[in-house]
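In the two complexes that follow, chain A is the common piece, with chain B as its partner first and chain C second.
Let's turn to the complex of A and B:
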């Protein structure tokens, strides 16, 4: 029968679309987690930079590398933290862009799923009448 | 303001209200967690501040026991009670003298306190929205219950 095979086809399509949709959802929540991590790091780095900027130029600064404290040049430390902040902000921007992209995809997938569901319903209604 | 929120909620369906309630509850919990974190951080800084004060009272060359682990202590002498290393985060340590270090602790504590106050405000607002949603939801369910019978 033509209509039942079409129905099966639609149902299969619906299944793949829902799978895609849930996959995008997983990616979005992963993106959220990564973003949270970066935001925390950004805040911490900004606090450190504020402290470093408050210091007079002859202050002693150390960096913890593994188990040892290594003395560092203050200017170098400032430059390092600045660079890190730059990197993290760039990374956050990139994550924002991908998130927006994914949300758009998610919405279009949602719409596609809705359309298929409607078609299945109308097909089933037609069959019930017949 | 309160009235308009309530009026908006009356318009929502039961499912939508449930979603709103869940969402705001989630946010309230998140804010509560943040508040707890800030509180522990503040107590840690206050502890550090009082430890600094304690240290500043000791004379140079004072004999003491240094904890290597929780149960192993070795004898030592206080070399320089005025110079301390402050962990400012992300692996950086800054050498400070006593007043600078105390100032650092005080600044951090006041920063945390102001953040805390801001968060408390947001959290209480969210909480009232969540409570409101719960009330409206219950009222709607009560209305629906006799109709179903």
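Let's turn to the complex of A and C:
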């Protein structure tokens, strides 16, 4: 009877672990999506910066804020875009770090799940013999 | 008998369903990428059209257009200021540009799009290769292909010659190759024997027509020479049959050396000491020859010419002759030998021996006169 209760406990443990694992996986996929978005934004910003750099100083530059175009200083616009690029790259780095962290967690969870499965199997085999 | 290899059906590694699933997934990604590619190519086409339009607009001062108003309504309008554009750069930034500048911007944008299209195409190609691999694996697994694995065993160079797919076990394979090895060795041995025999014949014929000078002493020593020659041959034969080829060669060489050394040191008795090591013999040789400085170069020369058998008995006879009569005889014969059989000698040794011998020859001739 002791073995069966142990088995039940192990199964419960396995369940929680798999839940954690799937949660981490979900997080990772979310992270991937966010990352994708940021990379696209980074590419767009780089394009904008390139164009702004190519503009002559007397060109009129506007920013769309809500429904209206607001005239902006060219230098200011360039500074803004640069800052944005910096921010995005920093964000991408952070996302990379978290992604690595999550992957490590996922692997450890995977191992734990595997171990529990093995234990359950051995318990079941012992039971079958007995 | 199963042999040392293992045979496993491919379908046990990759189940048919799994491979098919994998293939399907890759196909899905390919379809996704293809869609993306289509999208991008749509952008490229739009961009091209826009460039054309922007380039054409300033050709007139104004254009009559239908202006969209809301979702479904249009009303007629007129496009003025045809050389002024407000270009969306991205991220909510707009810039006022002329038609030409706008075309430049659009061209740059087109280039970026092209590079994206190229990278996407490369990706799709990779995925297609992957998909074809998965499909091939799936079909192979479905057909019941088997994987044959065999441990690679470190084998000796001789055994490597035997083909791996040999059905028989490892040990029998090695036996076979050993036989082959022995055959090869035997063939080599026979070749060596032939060579030696030929040299012997040559030596004999050479003896027959040798100089008048040595005729007398040749008669005297022919018997012992031949005997010693035979003995030497026999010994080399034994050693050959016992040892692998390279070792045999070395041994016969040392054998010859022994043989040639011996007569110079102790005459006929030396034959009984055939197996004395070369070093000892040489030492004794040097000792015995010490009084006659002129003989020692001859011995050295002989050592440099180990292969020519005909020289051996002739030279061996000479020291004996030296002992009994005068030392000079040997030197003459040596030069003679060198002339008749230069084949085995390097140029350097020939020269050195010639230079070494030249003096004695003249002395001999002087003495003879």
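Quick note on the criterion: the second predicted complex is superposed on the first by the 130 of 130 C-alpha atoms of A that agree within 3 Å, B and C clash if a C-alpha of one lies under 4 Å from a C-alpha of the other, contacts with A are read in each partner's own complex, and residues count from 1 in each chain.
Simple rule for what comes next: a residue touches a chain if its C-beta (ideal position, glycine included) is under 8 Å from a C-beta of that chain, and two chains touch if they have at least 3 such contacts.
This structure is a prediction, so every number in the text was calculated from the model and none was measured.
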Contacts of A:68 with chain B and chain C, given as first, second, both or neither: neither
Quick one: is A:128 in contact with chain B, with chain C, with both, or with neither? Answer first, second, both or neither. neither
Go through the superposed model and pick first if A:44 touches only chain B, second if only chain C, both, or neither. both
If you lay the two complexes on top of each other, which residues of chain A touch chain B in one and chain C in the other? 41, 44-45, 47-48, 51-52, 55, 59-65, 69, 72, 77, 81, 84
Chain A-facing residues of chain C, complex: 86, 88-97, 105, 108-109, 112
Given the complex with chain C, which residues does chain A contribute to the contact? 41, 44-45, 47-48, 50-52, 54-55, 59-65, 69, 72, 77, 81, 84
Please name which positions on chain A make contact with chain B in the complex. 41, 44-45, 47-48, 51-52, 55, 59-65, 69, 72, 77, 81, 84
Flag every residue of chain B that touches chain A in the complex, lowest number first. 85, 88-96, 104
